[in-house]
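Let me begin by handing over the structure; questions about it come next.
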């Protein structure tokens, strides 16, 4: 259904952007985007669709990571910064101190975080936050079996795979699942060190596939159609929920994070190419691009909210 | 004596000059030597037991025939010299006697070489064994990059000998008249020896495997007169035990050391100017140098060659 | 001793001793071991080439034209997926190597072989060059990152445009410089001294001798070395990662001869291959794309190498 | 003209023995230009050192050294810079690479220089040299997509066991030979009791290494996990393939450079080809051969893309000493550090650690190259 | 004639054998030639203008002193031969005259060499110009890998000459007695020539820059007798125009071609056995070969050396 969405993109966008003074096809210029490698595919996809209606606009997208993205963004080197987490205060401050004051924060999609085990591992029906913290958190340090880590779970060897600290998926997982529990238990909100971290999601999958009773987590977009692994329903307090696009979009599934882009409004004002690109992002992007690259699109309500933020150029303060 | 010498000399020179335009005192040199040896050495027993019996020997390198139809005999305990202009196939012939040519890609040897009556290229003959019996000394001294001791001991070791090496080494070095000069530094690298010493080391190395025949390819061409004299003396001594074939460019040397001399030359094929080596004649050394039966020999040894 | 000689030299003994050849099993075993080592090596490398080619066929076989003119895309089935941007980067990396590394490298080699007096300083430079040749390529990447991208010294980033084709080119030129020096030096060392003396003997100055005798004689060797080092540079990826090659999307797709893009963000064939290989987990189609890119790179590199080796062998034959 | 020249010759003044000023000036000019070119290489190394040290120093002074040893692993984000975690995999990959490229490369080289017919040699040698130019990304891809599943995946564990033992056997042989040669020298009386000390020393050292290796082997075999898609073994084999042509062609050059007359001398003494090859050619070419091996080793240590793509780890890793695990070599760690983060940049010493590892790598390879040069020179002197 | 020759020869040999154990027919060879030349050539005017005036020449290679305290004169239009055992410094001395040693790392030349009264190593003197006026012919023929024409034209070209090259080339080739053999193939590679032709080409190349002196280092040692004879004749002809210094191992050659002969030998230092070359004597060639004043010379030329 992707090719259709491209063609729609063409037609729709024309109507949508009819309002703006000049049609995108007349616009020309450069747009520089950097930041999260998770959001990167969305921005790229948007750029690819946009290119069809604005052939003279050249959009460069790079994905060193959210942090690196903000560094460049706050140096004024990029127009837009992709982020798999909200901007941190110290990052915001460094932006302001560099005279980049009008930053528009736009939520563009949702990425569930899927907790998985080997497809062969039927024993686990559902895991609660407590169990996850026990298995993966610092208290799990050195435990060799599920039971050892969290009584009640099967007495099977436990091998844990997950993203490295470089990745936003890692941070979000800690934030959502561990933070509160860690506080209660007076522990640090971090993972055990004796797990196999990897920046390459493939390696994580391969790890889980290679060991029968393994445990791990990656972005839903990546795990969604992976073979040889089983996505485990999660109990975030109100019952076990399977990760599906719906459950994630409706945020019934407890572990998910929002994906953002941060736009330098001043640059957008000065550079029609940027504003045209973001305009397009707000329409076709949110509608088809996000889904096309495997992420969960925003609900209609959330989309219009984002559009309004952009329309009004609501800046961070 | 200088006077007489001079007279005859001038005589010759004038004569030769007449023929070629440049004086060729060399000529004189030879004649003189050739004869002078006769009284010193006893005429060799030409009937001496034949060690290497060569008939209709041809050698081809791929398409190119290097040597054609060579036939002559080598007798025990004699020194046979192979002389001739460069490229006439001396080395090639020499290398046939220890099957060295087997190692050269595309070299083909035809005809018969009998070694003590055994066909050297026969079915059941093992080239490696042949090389042990028929040792070789090369034009350039080529010691191994090893100690003096290991150089001499190499052959016996290869042959599987393990005990009594020290003795073998000593005997060989003594025979090669090198022992006194190196006995205190056997473990030094052979490269620390002078050229002449290195060549004698190579002779010692060849002797160490107790061969029957020694093939020497211009063994002195890289040495100075003194070292050369040493080696020549050495050859005179060891010929009591070995049969020696020597290739040399230096006709005086041939005259000085050899009992028999074989003169090779190259016949040029007009169409492609390939040069094929042929044996002109093989005879007692003094005959070859004083009154050879073939004119080409005459021209060569008198330097009137070409 | 002499007695032993006599009997050992009796006809029959001799005959016996050289006959009865035994087959030398040890030797044969040894030989076949070595042979299999060689064969195995060649087979593995053949498998490499074949398997890569097979993997990449769907791209280079099916849609070669588009593949060569296409760009980095987010999805492997995208009709415009291709390596043109990579080719642009690699091409200009090769060019900058030719422009920077060759003249400096050959010049340095000439100095070291023909001028440098034999003293401490000279041998220091020599050792230094040899060691530079052994420095891992990532380290050169760090150099490029500090000098050309972050402009930690001389503020060179303003000149190169930071993470740009130019920075990549300069970094790799520096990377192969020692190789160029060493190979050219070897070529010059092979020039027979008799040529030099011949030239000096009729009153040539040093530079005249070098220009008219040494360099012409060494030319093939030098050319070989330079071609090899250029191929090496084109195949390097690690330094480019540090210099900040783009793996996501490059806005424009410059024509091969578009000099303007030299100071823009860049990518190169090896980077394209790496990035696509990593994305092949998210989107398995990228494996084929990566293989296709590899074939393109190999054509690039192996042609250069073959030219170099062929050239050298021809001249070696001519000179015996 | 003759007479003229003669008259001229008869009266010669110093000025007649001078060349035109322009010509002399050009000489000087050229000379200094070339000197300048030669100095570039010095500048480059200076800059390398400078840029490495500048950041690395911040790390060295800033880091808590307790976090660089005996930690769970290499977690730069968490301030855990366990150096063994990145050094041991580097050693493993290099070792595997040399186990692959050493025998294959040398075997091929000896065959080419001693046995192969000129016809064969004349096409195989160039092919090898051309293949030496295969970029490392290609081998990275091959290691990940072919070697990992088809070699390591299938026969990983048994093969590792066999090779492990084979290496041990080979090592024993080499050690034995070394000791015997020392003993021989002692018995030859060609040297005094110091030789005996040499023997004992050699025995001690070799024994120690042997024991260490044995311990590691058994230990690893115990905890060997099933092979992953990416693993140190796969990467090691990839790097090995990368270095085979290097080893082969360099050491073949060395053996081809052994003068033919040495082979003839050996053959002339009734040595068979094998004997000649092993007792004359290889020893005479040993300096070149060792150089080839050391160069290959340092190339393997510095190789980045193969391990980055096929090593089975990125960003951070737990300590492992099992070839069948994924692991992070020094170079892979650098590549990961260079490819960015989602975290706030500028926190901690992460960025500096990149340069620290670079410095470490630089020092190791430098040491190796110097060792190589030293060794080669020493052997040269001997011969 | 052979008879007389033989008698004297045998005489000599017996005598020499007494002293060294090996016959040295060479001795005879020399004497003969030496004398025979005398009538052919007129006594050279020893008073001829001095071209190269050498006094107390020392040459050191780094720590090692190769030649010590050499003093002798070279006169215009004479051929001066330098002879002596290998390693005695002949080449070293020769290379001082065109400052070739400047090119050797660590070579140091002390003492005075005056060229037509000008200090060759003086402040304002350019080695490059010296080498143009004092040409050199080397032991091994070393033509450039260029056409015959370009080989000869090379010198004039680097000297800046552009016009009239063809003429220069022809004249030089004519003088070098090579013109007739190559005039139709001037653009062929010089490597297609035979060794002897190559050496004459090198002489032509040296002549082409119109030098005043020619230095020749064993110019024939790599050539066969015929080629050698050619070169020797050539030298006789061109000495009308040039002053020639020739190094040779071949004493007959020295005897045949040179007017003056300088005999060098090497004194061995017992402590380190370094060998330093010294000039024993320099005199008219026939004197050196018939009745030299120094006994070492006598021993050397009679081959009774060492």
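So that you can tell them apart, the chains are marked A, B, C, D and E in the order they are listed, and the count of residues begins at 1 in each.
Quick note on the criterion: a residue touches a chain if its C-beta (ideal position, glycine included) is under 8 Å from a C-beta of that chain, and two chains touch if they have at least 3 such contacts.
None of these values were measured; they are calculated from a predicted model.
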Task: Contact-graph distance - origin subunit A, target subunit E - done: 2
Task: Of B-D and A-D, whichever chain pair has more C-beta contact pairs - done: A-D
Open item on the list: What's the farthest chain from subunit E if centres are computed as the mean of the Cα atoms?
Closed with: A
Open item on the list: Centre to centre, using CA atoms, which chain is the farthest one from subunit B?
Closed with: A
Task: Euclidean distance of C-alpha centroids - subunit A vs subunit B, Å - done: 89
Open item on the list: Can you compute the centre-to-centre distance for subunit A and subunit C, using the mean CA position of each chain? Integer Å is fine.
Closed with: 41
Task: Cα-centroid distance, subunit B relative to subunit C, in whole angstrom - done: 50
Task: Chain centre separation (subunit C, subunit D; CA means) in Å - done: 17
Task: subunit A: positions in contact with at least two other chains - done: 37, 63, 200, 202
Task: For subunit B, residues contacting two or more additional chains - done: 129
Open item on the list: By the touch rule stated above, which residues of subunit D touch at least two different other chains?
Closed with: 19, 23-24, 272, 339
TODO: For this structure, give each pair of chains that are touching.
DONE: A-C, A-D, B-C, B-D, B-E, C-D, C-E, D-E
Task: subunit D to subunit A touching residues, read off their complex - done: 71-73, 75-78, 80, 225-230, 312-318, 326, 336, 339-346
Open item on the list: Using the touch definition from the top, list the residues of subunit A that touch subunit D in their complex.
Closed with: 36-38, 63-68, 70-71, 84-85, 88, 90-91, 163-168, 170-171, 190, 193-200, 202-203, 206-207, 210-211
TODO: Mind listing the subunit D positions that touch subunit B in their complex?
DONE: 117-118, 188, 190-191, 259, 261-272, 275, 279-280, 283-284, 382-383
Task: Residues on subunit E engaged by subunit D in the complex (per definition of touch) - done: 49, 51, 76, 115-120, 122-126, 128-130, 133, 160, 210, 212, 241
Open item on the list: Help me check something: in the complex, which residues belonging to subunit D touch subunit C?
Closed with: 19, 23-24, 26-27, 30-31, 33-42, 44-45, 47-48, 50-52, 54-55, 103-108, 110-112, 114-116, 122, 124, 126-142, 144-146, 241, 244-245, 248, 272-274, 277, 295, 298, 301-305, 308-309, 331, 334-335, 338-339, 354-355, 358, 361-362, 365-366, 368-370, 373
